[in-house]
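Right after this note come the structures.
The same chain A turns up in both complexes below, where it pairs with chain B and then with chain C.
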Partner chain A sequence: MSAESEDVPLYAERPEWSDVVPVPQYQGVDALAPINYSAEYQDATDYFRGIIRMGETSPRVLKLTRDIINMNPAHYSAWQYRYKTLIAIGADLTEELRQMDDFALTNMKTYQVWHHRRLLLTALRSRDAAAGELAFTARVLAADAKNYHTWSYRQWLLAHFNDEERLWAGERAWVEDLLEKDVRNNSAWHHRFFVVWSSGVREGDEDREAVGRRELAFAKEKIALAPNNPSAWNYLRGVLEHTKTPLSALTTFVQLYTVSSPSIAPEVMDLDNPVPTEGAQLPCVNALEFQADIYEQEGGTQITKAVEIWKSLANEYDTMRKKYWEYRIKEGLQTTHT
Partner chain B sequence: MAPARDLRPTPTDGYPTATSFLQQDIEDTLLAHLPQCLASPDPTATQNVPAVLQRNNHMQYLLRNLRQGFPQRYTGQDASQAWLMYWILQAFSCLGVGMDGETKRRAREKLLAMQNESGGFGGGPGQASHLLATYAAVSALAVVGEPGPGGGWDDIDRKKMYDFFMSVKQPDGSFLVCHHGEVDVRGLYCLLAVATLLNLLTQELLEGVPEFIASCQTYEGGFGNASFPDWAFSNGYDPTTPRPVLGEAHGGYTFCALASWLFLQPYIRIRYQSTAAGISAGVNHVPPTINVRTLLRWLTNMQGTGIELGGFKGRTNKLVDGCYSWWVGGCFSLVDGLLGGASTATREPSNETATHAGNPPASTEDSEWHDIDDAIFNREALQEYILFAGQHPAGGLRDKPPKHPDSYHTLYCLAGLSAAQHRVVPDHSRRDDLLRSWNADTARGTAVVTASAGEQERLDNLRQESFLDALCWLEDEGADKFVGGSANRVNATQPLFNLTVTHTELIMAHFYQQRLPSRLPKTTSKSS
Partner chain C sequence: MSASTSTLLIPLHAKYVQSLGESKDDLMYHLTAHLRMNAIYWGLTALCTMNHKDALNREEMIEFVMSCWDDEAGGGFGAHPDHDAHIHSTLSAIQILIMQDALDRVDVDRVVKFILSLQQPSGVFAGDQWGEIDTRFLYCAVNALSLLGRLHELDVEKTVGYVRQCRNFDGGFGAVAGAESHAAMVFVCTATLAILDRLDEIDQEMLGWWLAERQVPSGGLNGRPEKLEDVCYSFWVLSAMAILKKVPWIDSDKLIAFILSAQDTDHGGIADRPGNQADVFHTHFGIAGLSLLGYPGLADLDPVYCMPARVIERMGLRKGWEGLPRKAS
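This part shows the complex of A and B:
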């Protein structure tokens, strides 16, 4: 460990902690699968168990728990006890939040880091703080664009404080920016769905049909940019399902992507059906699948066309999922025959 | 002649981004781990593939973990000690490694030291009770415990554990993982698995849980980690208000949500049957549903292509990782159980016979489903990923090369291998056998929560149906598939619990006080 640990005395050596009886970890004699703790960690956790036994909540507990989570950010009991202590002594929670910023940035993969912030924000009941947290999570996501906990925390912030002007308003533009940077960032696509569809109606989005058109146009434009991007196709499907729009509404668009090279006169610009980018590798699997789903949804004799596509997916374009396409064939045929 | 292997790189459409750069890197790495003869375009070269499960290496790795323990950098796992024990012990079960009595005794001692007086287990001795740790400890005890004094099982304080469970229950049907902790479907899965194993299920515990799970499914078909409760639950329950899912579809959460959904089937059948009969008027009458169609699509899409060696990823546009061999690969049996499970056939016998008039009862629809072959994912490819990329040359299994192995990935790669080698599915005749020998009195007698007189029958019913649904899963030995030959065989895994079928049976027989009928291997499905 660093020089720091040599300078700082153990809790066992500090007179101001002499009133606490340390409690060693009991795990039986000759324990299996032991972890070879450092002396510092063992010492701090011994005193932590001692503090729990006493039930003490005081400023020095904050120091102790901070020491422990510095050595082990996943020590949920230390986080839990720290939170209880903060509330019990009426600590400045905004100060706690700021103190934890750097810690969150270096331990962004740890659940507890984000949950702690959520507890603090709940207790603070401050929209200013919530707005600050949007900025903070944006910083984290700039460094780690798919961090699950950060995304889920951000979504919680938006829903919990639910402030149209200060929180929701900038959200769609912000996430669009992230998709601009990486159109394959599925977390950002999910976030867009969260903002536009799952969480009620945003201000200015009252005309749901217009919103539906806007979102389909957005997804199509992103598909045109990089057709083999399942995130965009999934979003497209999600919008159709959510708005109960039949898949066939997109037939013209999808057919541009089911052929190896679309025969389009370049001077004809159809804004509803953006053409694949020059480098597009076609036909793309998601488009073929979509086309087959259109046929299946149409039913009747169209099912033979669906089966044909499923066969081509099974045998040529998407052989890893052969079993799945064969299952779809069987299902599709069964449905039409009954 | 077998078609040449498809090793085309994932298309980037001439538009690379951060995601596609990472993807390309990993494809290069994985391709380098495919044996030369398999990468060759000549399909005749695929004979004698050197696909060997390095059993002994892995066993030695696990033994070192168990006996010598972990170096200081594992301090970050100090709150996961119950997990470390479970991962190691269940990995031994997969490999078919038995343990001597003294090792089992020491394991029990270590695990029981994590139990708290207030109920439940912590991540280590002296740590607060936590749903995940409780699952890990109880599952590990299923492996190393037995009934009677010193056997570990009777040292579990089930009444207090139940109280702990109720103390973390939330109005929206979710559970905090610990006091002041977060809500997520992993915790829910852990609670339901334990409550099923230990005979702790009650209507009260499960109220609202199906609705919560359904609210965690995303537009992609998989499940996220939780949903936002406050709008729908600000003033009683308003089912018309949104409960948005927090976090995108994810393999780990999807497994937990789906397995939870299966655990809840008996409750859902009883709960909504009763409301239909007008027993509890005034509550929502519509049983919650999940979209199995989009779920299945999402699950199959998580399997990487040939160049990714058929491993599984955990989210759309993320990289393959060995642990999803279980989290996603393990879901296919569960979907099977949901679509063709024993419970559906026995649930509504009148409907079944109405739609399939003239067919022999019960299992017809089920066997049709199984005839599709064996599974909807590529079982051989998943085994290849684990054998070629998942194994660390020095022992232990891993996320992907060139990463180091760890106990977590060792278990979930082995469990995934098991899910790809075997088919474990609900078996109707097994369910019938279990039902014939079911003793409601002894099961009630050993339960820790009693119902009021009016609720007694429903609680008995819930207990019985949960027991039957959990224990009717059997290995279909005719459907085994071993890449690299049967020397690579690992034990079959019970899809709901990630324990062996035998360990599941033993611990449940104990906590429900049932005598189990002996079982014969099931080898029927290939015959048709």
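This part shows the complex of A and C:
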């Protein structure tokens, strides 16, 4: 407990709480040992159980539940009762959000923090509030760019309020900025796919073919920066799959990444096929896998080439998953023979 | 150090689990009251996997479970006496009672009613009356209904429909529709589909590869690309792989060495990664992972229900999963 909490009297010592009968914690069948943990926590939760028994919803309940949540952010009954109380007394929910901002920042890994906000936003039914929450989650993600609950909450906000101009419009540029900072952030790659492909068509994105080209170019550019980044390769494959483009459309690009040192004519700048950044570790496993998949799809005699690549993955470049590559070799050879 | 973590210290871990209930004057014990029922389930399952089931007192455990019954909520279990019923603690309670052969203590009709009341129009389940939703709670519901022999009361199409919505372009599954793929959510979705005999919903090869890619150079597994490895993923990733019969795709020796290296060789227990503080959650999931990897001296753990395979087989619920063959020594 912090030093300042010593100056605060227990609920049991406060006259304004004297009408509540504290209910002690059930101590279990084998509770022979005396309970001897934090007096503040015990005191507050005893009064909380007392309040629940009375069914009281009032401003002082907000204070009590806040105290408990501060001591134990995962106390879901306290959260639940706090929300019930806020609604019952017609509290200012926007004010509640603001009051919980710092708390959410320091306890961002607690699921309840985000569920509470989601309930508040659902009750508020306000696009202003939703826009404010986008800004707030951006602040949280700036502190921890992979926080799962925060990302899910942001995706919920976008889908639930579904406002093109106020919410969706800035989303792609924002997530691009995150990828600028960390090109290996899988959460950001996922979010990009969510925004561009799996939650409707954004304004200005009506020409899907152009969008497909833009996204392939984007992924290729990011792969060039950091070739051994499975998130970018997954995105690339996701776009191909979604737009029903054959893998072989990327043969020229992929081949730059399947050799130890690509032979590049320096005078030719091929924008469609950005070259690996200098010093990158090549060949790259994801590219080899991609190239083998192209050969396998082409079938016939190309299978031999695929098998060669799988062998190199099994024995040299990705030995940890040797059994997987051996499985691919077996499957590939079976297909040719049938 | 290297010599002492080269084998699983079974008696020490059994003692560690046994000692957990003895530190009730510790503040942490109370701050984690909302996970107490789950913690008992983790401890008991770990002990069963190590063939030390009797290390915890059966009668006391059953009494504790029954003291968490929440009559007001209509028929579920809370994580602790006086806590509101929650689907996660309800599943743990049922799993404990089945492992202890004491399911007759429960009013099954009311539990089923409580569970079914939590299904939302979208098909997902809420954890409790407060309304948090995600695929973990959906799995808890499907697992519990199956264990209670009441799966026929579930709207299977609606349930599978929600799981389908959580599938992502990388072949994995997220916690809610639209959310990023995550190994724990891949496990709950895969196990749900296994229980419902709907594994055809999965691109098994693609998902198997995504799971195999979770192994990092240390031998450990992570939950998402570019995240740190953690012992608990030894279960989330491996169980999904076992259900898809793909466990051989990763390097099992390296993973075994990683799990063993996270043991606390002084006090027992397993941590999230080497050098960190052990806890019952990681102890259970580390041992569960070792069981699926065929580690010698352990009992088979069913990856679909996360319970002793013997118990699940006796109930006639076994699905077609495959771990690695049990090693002799």
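One rule holds in what follows: the second predicted complex is superposed on the first by the 328 of 338 C-alpha atoms of A that agree within 3 Å, B and C clash if a C-alpha of one lies under 4 Å from a C-alpha of the other, contacts with A are read in each partner's own complex, and residues count from 1 in each chain.
We take it that a residue touches a chain if its C-beta (ideal position, glycine included) is under 8 Å from a C-beta of that chain, and two chains touch if they have at least 3 such contacts.
Because the structure is predicted, anything quoted here is derived from the model rather than measured.
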- prompt: Taking chain A as the common reference for superposition, should the pair chain B and chain C be classed as clashing or as fitting?
  reply: clash
- prompt: Touching A:231 in the superposition: chain B (first), chain C (second), both, neither?
  reply: both
Task: Have a look at where A:76 lands relative to chain B and chain C in the superposition and call it first, second, both or neither.
output: both
Query: Now for A:321: first (chain B), second (chain C), both, or neither, which partner does it touch?
result: both
Message: With both complexes superposed on chain A, which partner does A:117 reach: first (chain B), second (chain C), both or neither?
response: neither
Message: Quick check on the superposed pair: does A:330 touch chain B, chain C, both, or neither? Answer first, second, both or neither.
response: first
Message: By the touch definition at the top of the document, which applies to A:172: first (chain B), second (chain C), both, or neither?
response: neither
Task: Quick one: name whichever of chain B and chain C touches more residues of chain A.
output: B
Query: Of the stretches 4-12, 94-102 or 364-372, which one in chain B hits chain C?
result: 94-102
Query: Across the two complexes, what residues of chain A are contacted by chain B and by chain C?
result: 23, 25-26, 28-31, 33-38, 41, 49, 71-72, 74-77, 80, 83, 111, 115, 119, 146, 148, 151-152, 155-156, 159, 184-187, 190, 193-194, 197-199, 230-231, 234-235, 237-238, 241-242, 319-324, 327
Field: Partner chain B, residues of chain A touching it in the complex
entry: 23, 25-38, 41, 45, 49, 52, 71-77, 80, 83-84, 111, 115, 118-119, 145-146, 148, 151-152, 155-156, 159-160, 181-187, 189-190, 193-194, 197-200, 225-231, 234-235, 237-238, 241-242, 276-281, 284, 318-324, 326-327, 330
- prompt: Where on chain A is chain C touching in the complex?
  reply: 23, 25-26, 28-31, 33-38, 41-42, 49, 71-72, 74-77, 79-80, 83, 111-112, 115, 119, 146, 148, 151-152, 155-156, 159, 184-187, 190-191, 193-194, 197-199, 230-231, 234-235, 237-238, 241-242, 319-324, 327
Statement: Note: in the complex, chain C contacts chain A through residues 21-22, 24-27, 29-31, 34, 60, 63-64, 67, 80-84, 86, 128-132, 168-170, 174-176, 178-182, 208-209, 212-213, 215, 217, 224-227, 248-251, 254
Message: Could you list, by residue number, the parts of chain B that touch chain A in their complex?
response: 3, 6, 10-15, 17-20, 65-67, 69-72, 74-81, 84-85, 88, 103, 106-107, 109-110, 113, 122-128, 130, 177-182, 218-220, 224-226, 228, 230-231, 242, 244-250, 294, 296, 300-301, 303-306, 310, 315-318, 372-373, 375-378, 381
